[in-house]
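We just call them A, B and C in the order they show up, numbering each chain from 1.
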Amino acid sequence: MIIDPTQRKWALGSLAFFAISTLAYVLYAVSASSGPRGGSFVGLIFGSVGFAFMWFAALLGARKRVPTWRLGRAQAWMRGHLWLGLLSLPLILFHGGFHFGGTLTRVLMWLLIITVASGLFGAALQNYVPRMMTTDVPLETIYDEIGNVRKSLREEADRAMESICGPMGLSVDTAEEPLRAGGFSALRPIAASSAPLRTSAAVSAGASAAVAVAAERIFLNAEESAPLERFYISEMRAYLEDPKRRGQRLGDANKARCAFAGLQTLLPAAAQATLKDLEEICDESRQFVRQERLHHWLHGWLLVHIPLSLALMILGAVHAVMALRY
Amino acid sequence: MARTRTTKVLAQRIDLNYFKRPTPYKRAKLALSVLVPLLALGWIGWRGFSRDSRVYSSGRMSEAHAVLEKQCAVCHLKKERAFSSKAVDSACLGCHDGPVHHENQIKAEVPECADCHVEHRGRVNIRAASNESCTECHGNLKAGDGAVHYATNIRSLGDGHPEFAALRQGAKDPGTILLNHATHLKPIRRGPNGPIVQLECGDCHRTAATNAPWTYGDAQFATATVSYKDEKEFLPVRAQGLPRRRGLDGREYMAPVKFGTACAGCHSLAFDKRIDEQVPHDKPEIVHAFVVKKLQEYIATHPSEVRVLRDPSRDLTGKPLRPKVRVLTASQSVAERTDDAEKLLWRKTCKQCHVLENSTGSALPRIAAGRITQRWLPHAKFDHDAHRGFSCVSCHVKAVSSKESSDVLIPGIANCQACHAPGPAHAESRCFECHTYHDWSKRKEVRPTYVMPGLQTGGK
Amino acid sequence: MGGNANSLVELSIDGKAVQVPAGTTVYDAARLNGIAIPTLCHLQNQTPVGVCRLCVVDTGARVLSASCVRPVEPGMKVVTNSEKVLAARKTLLELLMADHPASCTRQNRSGDCELETLAKSAGIGASRFTRRTVSRGEDDSSLAIAVDHDACILCDRCIRGCDEVKNNFVLGRMGKGYAAGIAFDLNAPMGDSTCISCGECMVSCPTGALTNKVVVGTEIAAGSDSQTFSVEQLHKLPVFAGVSGTFLELNRGAIVQRRFRKGEAICREGEFGSTAFYIVEGKAQVAISTPIAHVKTQGGGQGFFKKLSSILVGREEDKREEEARDRSIPIDASVDLSYGNPVAELGPGDLFGEMTCMNFYPRSATVRAESDVVAFEMLRNVLDIMMKNKTFRAQLDNNYRRRALENHLRGVPMFAQLSPDFIERLKQSVELVRYGPGQMIARQGEAAGSFYLVRIGFVKISEEYPGGELVLAYLSRGDYFGEIGLLGGGVRTATCTALDHVEVVRIPGEDFREMMERFPGVRSGLEAVAAERRAANAQRLQMVQSVPIDQFLSQGLMEAQSLLILDLQKCTRCDACVNACADAHDGVTRLVREGLRFENFLVATSCRQCRDPLCMVGCPVGSIRRRNSLEVIIEDWCIGCGLCARNCPYGNINLHPFEVMAEDPEHAGWQKAVVQQKATSCDLCTHLKEPSCVYACPHDAAHRVDPRKFFAGIVGRGSIS
């Protein structure tokens, strides 16, 4: 969630709420005969409002499980999560009168502090990382699919190589294809049948993807293709297989550019287009590494935030019951 | 064959069901989301199972109650169909008797024990009630007629507490014993022919429990039995304040200064230079009898002394001279000498410190009652022993310069506030430090309820 | 040419004395005496015309003469292979080759292009002459014969074949100079001409100018129950009378007779095919067996939780206004199926599978033999020949008119009130008209003449606006058009173009007007539809502003009416949108969070509601269509052929296997779970009021926007810089 002027209403509202509750707390703390306590009437109000805010914040997770239920826009929930969740910390501090209390309450307090802190950290990241991702990873794809996309890039590179160097015996993975998007499965039965695709002019003009035109093949001779083949087999393919391994020349944008520029001078004109494709493929693969890293930053904090908040909710409920009982 | 990036080509790389497929990240998230709450639940469950309810405690219990930490229900008695958020009085009264504050306190205003004695604040002194619990009622010192006599809006020692009554404007020491502290604290000759000495406060002011030998005392006087009663000389102690819960051990307060132990060393009560003995420190009647008796004995043993030679050094000009030699009868001699001795005593020796009433007539004078104040702070308690590390004059500054015995020499409240202030850098400053709530004189005995094993599962 | 026909003439050819009857041409004389003279324009069975001059010989005259037309003269000394003759021939060949495609279709296919063979034997390599720069074009309109005008050497062999041999008089010459070429009728596309596809021209042609179209594997895979025909057998069939034997020979195996036992499936819906069937005997049942389900989100359902969630979701019934009335599903046969009970019957004389055969669309329905059935299965070129046959066509027309007007026209509730006598009258006056791909049926601004009902193929209705064309609709079988022009000012408001092989039923203007007068109910109904269409069109046109900018255009964003965009600076890649989409659509996502970027927005892969919805073209059952408002929706009788997904240029339509209950073929009356593919595409969550993806985005990143409005600022800026 980006913090922008559209959040002003929430921000001002929360600020006002915070100010009012601080005022209330100060008045209460000064007047209370035995100091601010969670068990007093005001303390209980702080506690229950704070806990209610926490619950609301935690319910975002549940809300996300039923995205289509018309319970208010997810955006509003997110804003509520952010601001009310943030407010819950001072409220709970007021509730405890800035005392951490016994074991359970101490644990709760730390859980809350860590949860809120991780949330703030996450919110900060969400302000910053998406911009970074947008500028640094123009060829971004879906994180979950990076593995598959990498595989397809490798296959594409293999095909590109074989299109100019002739069959190189690069292994073709014949594993079961998943259900692909983009009308992919619609293409398969057609590709299987030998029917030439001749629907209408309009369609073939628009749906270019449907018509696969076999490109004219010009193979390089062994001498010409040797440097490219060597480079591809020993370096590029290894890189495409595992782009995250350290110390690879292609892992560095500048070094990679140099490597390809060097090859460019060694190869005949017929191979230049393919070389350019290979460079693009490398580039894409490299960007995915960056994307993964950024994605981990962008989502990693949730590994702390979510489990701890769940623990917080459970222990908070226990605390509420036990505290009201005793 | 340049690579083309079209939406369709891009989309075709994507598994349509990718979002249903677990990734390591999603797995980790799920595992943690299950594991951590389970862990929390397990922990709390284990605690519950092992019947250790300390975890729910909102804080550690006070020293006195630490043994109850695991047993919430001892204090938090279950009320019928209700939660009990604080310990009920009946639970407290099981062990403690909390005598009432005032006899005439309005019942509805009597707070519950837990209102003032807040538990779960760590290993603190449970008796330490907050200022607010006192100032709630005593913040405004109004009399029954509604008029404010001393102060309003008292919040704490540092905030709104009035000056001690003894030090208020115009307040005087009611004592009748004359003493110039300033003189005594300068180098002073010990007795008529004694050496010059420097007195210490402790030479005269000591607590009852002090057992060091007195520097300036005289055993004869110290051990002598006297006919006057201390009670008559001292103002009563417990005039207004409530008694402490536990008795005094004699080190808290300075005992009243007594002649035998503090004064006799210097202030000789000799009455006749021919007789070594001093008069007892007692009522004039006793002194008179003693003087007469001693002189009669003296005449009996020294019959020649009935002949009286005129002492030229006492031949004051302007006065008719006495005959050079006079011979008196024994009784005459006793009477004359007694008269001389008593003139010395009543006019000088006793009068140096005591107020003598009816001293001009021929009848024996009467020594005014001492009216010595034993407790200057009648509503509060003070412990000199606790302050023993400080030199006396560092608080009783006025003692060094006080020339009048009517000066009240206890330090002002500001002196207390210098150390007794809120915050960790200061000594305790809450009301309870000096004031007592419960009237322990009305204490009732409590029947023991608990048996040892029942509480043995207490704190480790 | 005097002389007795019986008298002999003596002459010498290449020094050899020969004797031939008077009137014989030099070429024939040489041929009779075993001397070969190369020719191009000459054919044995045709009147010689001597246009190619390749057969020149030296007769000792001032100039060389064409041997094919030069009659022998007594004492003539003919030299056929002197230096001079060979040089002349070589130059001629070189000139011809300069204008010939590098290797023409015929050469490619069978290596028997006569021109190229001759040129090769004369050792002609690259021509010294400049090539023609303007192409004379191709004519792809005939289903059986391909015309490549560029390969034509104007030998006239085809013209003579058509006129002299077959007496069809379709072919002739047109144009002058470089533009000269052969023409069908008055230069009509071959497919639309009166040509009956006998194939004579094609077998006459020496080059690749006229070639037999190779249709999907020229042979139908023969099964045990199929029977192929010899040319003789075919000729015996009335529909093939008069067709060139060579042509039939070439297309041997393109027609078979098949027998189907009762209950056997003749074809199945969704399959791709290339053949049509003509029932000779027996009855067949045509039905859509794909369960009608799942494209619409189910929702609702049983169980407390589901009901509760339905209430919470605020799900409205996914009402598609048109469903309320008894809608019929157009299929590839002479009958339509009703939505409620998609079953119909076909009998002898019925032709089905034309769309598949002509336009390569997937089969729209499953046909099963109801009794034992004998049918011809044929490929497109054969079908074309049959369709060109007058008797066959008359029968077909008759069949169709009856059905089209009864089921099809009256099936539309609006026309239901037409009286039987009027229908009878219409039967006489309506006309079946065929159009080839790209052919215009009516042009915007023309005077409106007729009302049309689409029988086969897709008609594009478009309107012009400054700088482009806006596609208003793609009409398929069962749709009608032309009413706006007739009801309005008598001027066509839109251009109607055939997208593929289209056949329409034309109802003449007079009949239409009469219908309007006689049946005011029909009139008011049509007027309402016309007004609705006009309003929708006007609205669409209004949205069109020309704001061209490279990337905006190249990504096709201009074409879109509604884009799902994700603000990448806000998006945390949490996939909430995808999950919401799946949640709203029975666990299947209709959006993929991948695609191209525009500025800092990701244009997600989700239906864009294109102005020109290419996806609609070719749907064999008309289940993908535009709603009256805006969005493109897929109706749930989709048969899962995948054509729309293939056609969508943006990959926004996906095929999903759904498990549905269908009738168990082995146990009548039993239901059985089967996996059925269905096409899915974004429906803008119409049942939920707002797209779920947008609703569920916690970061305010996802939006459904009109690209023109939304990007107006950006595009404006871009055009300045």
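Definition applied: contacts are C-beta pairs under 8 Å (C-beta built on N, C-alpha and C of every residue); 3 or more make two chains touch, one makes a residue touch a chain.
In this text the structure is predicted, and so the values were computed from the model without any measurement.
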When B-C is set beside A-C, which has more C-beta pairs in contact? A-C
Comparing each chain's Cα average against the average over all protein Cα atoms, the nearest is chain A
Distance between the centres, which are taken as Cα means, of chain B and chain A, whole angstrom: 71
Report, in whole Å, the distance between the mean C-alpha point of chain B and the mean C-alpha point of chain C. 115
What whole-number Å value describes the gap between the mean CA coordinates of chain A and chain C? 46
Using the touch rule from the top of the page, what residues of chain B touch 2 or more other chains? 6-14, 16, 19
Chain A residues counted as touching two or more neighbouring chains: 141-145, 179, 181-184, 208-209, 299
Multi-chain touching residues of chain C, meaning two or more other chains, are 575, 579, 592, 594, 605, 648-649, 651-652, 654, 656
Going by the contact rule set out above, which residues of chain B touch chain A in the complex? 1-3, 6-19, 21, 23, 25, 28-29, 32-33, 35-37, 39-41, 44, 53-60, 72-73, 76, 83-86, 115-116, 118, 120-121, 129-130, 132-133, 136
Touching chain B in the complex, chain A uses residues 31-35, 37-39, 99, 101-105, 141-145, 148-149, 152, 156, 160, 163, 178-184, 208-209, 215, 273-274, 276-277, 280-281, 296, 299, 302-303, 306-308, 310-311, 313-315, 318-319, 322-326
Which positions of chain C touch chain B when the two form their complex? 555, 575, 578-579, 582, 587-589, 592, 594-596, 603, 605, 648-652, 654, 656
Residues of chain A touching chain C in the complex: 1-2, 6, 60, 64, 66-71, 73-75, 77-78, 126, 129-131, 133-134, 138, 141-145, 179, 181-187, 189-190, 193-203, 206-210, 295, 298-299
In the complex with chain A, residue positions of chain C that touch it: 216-217, 272, 274, 309, 312-315, 359-361, 437-438, 458, 460, 499-500, 568-576, 579-580, 583-584, 592-594, 597, 600, 605, 612, 614, 617-618, 642-649, 651-657, 677, 679, 685, 688-689, 692, 695-700
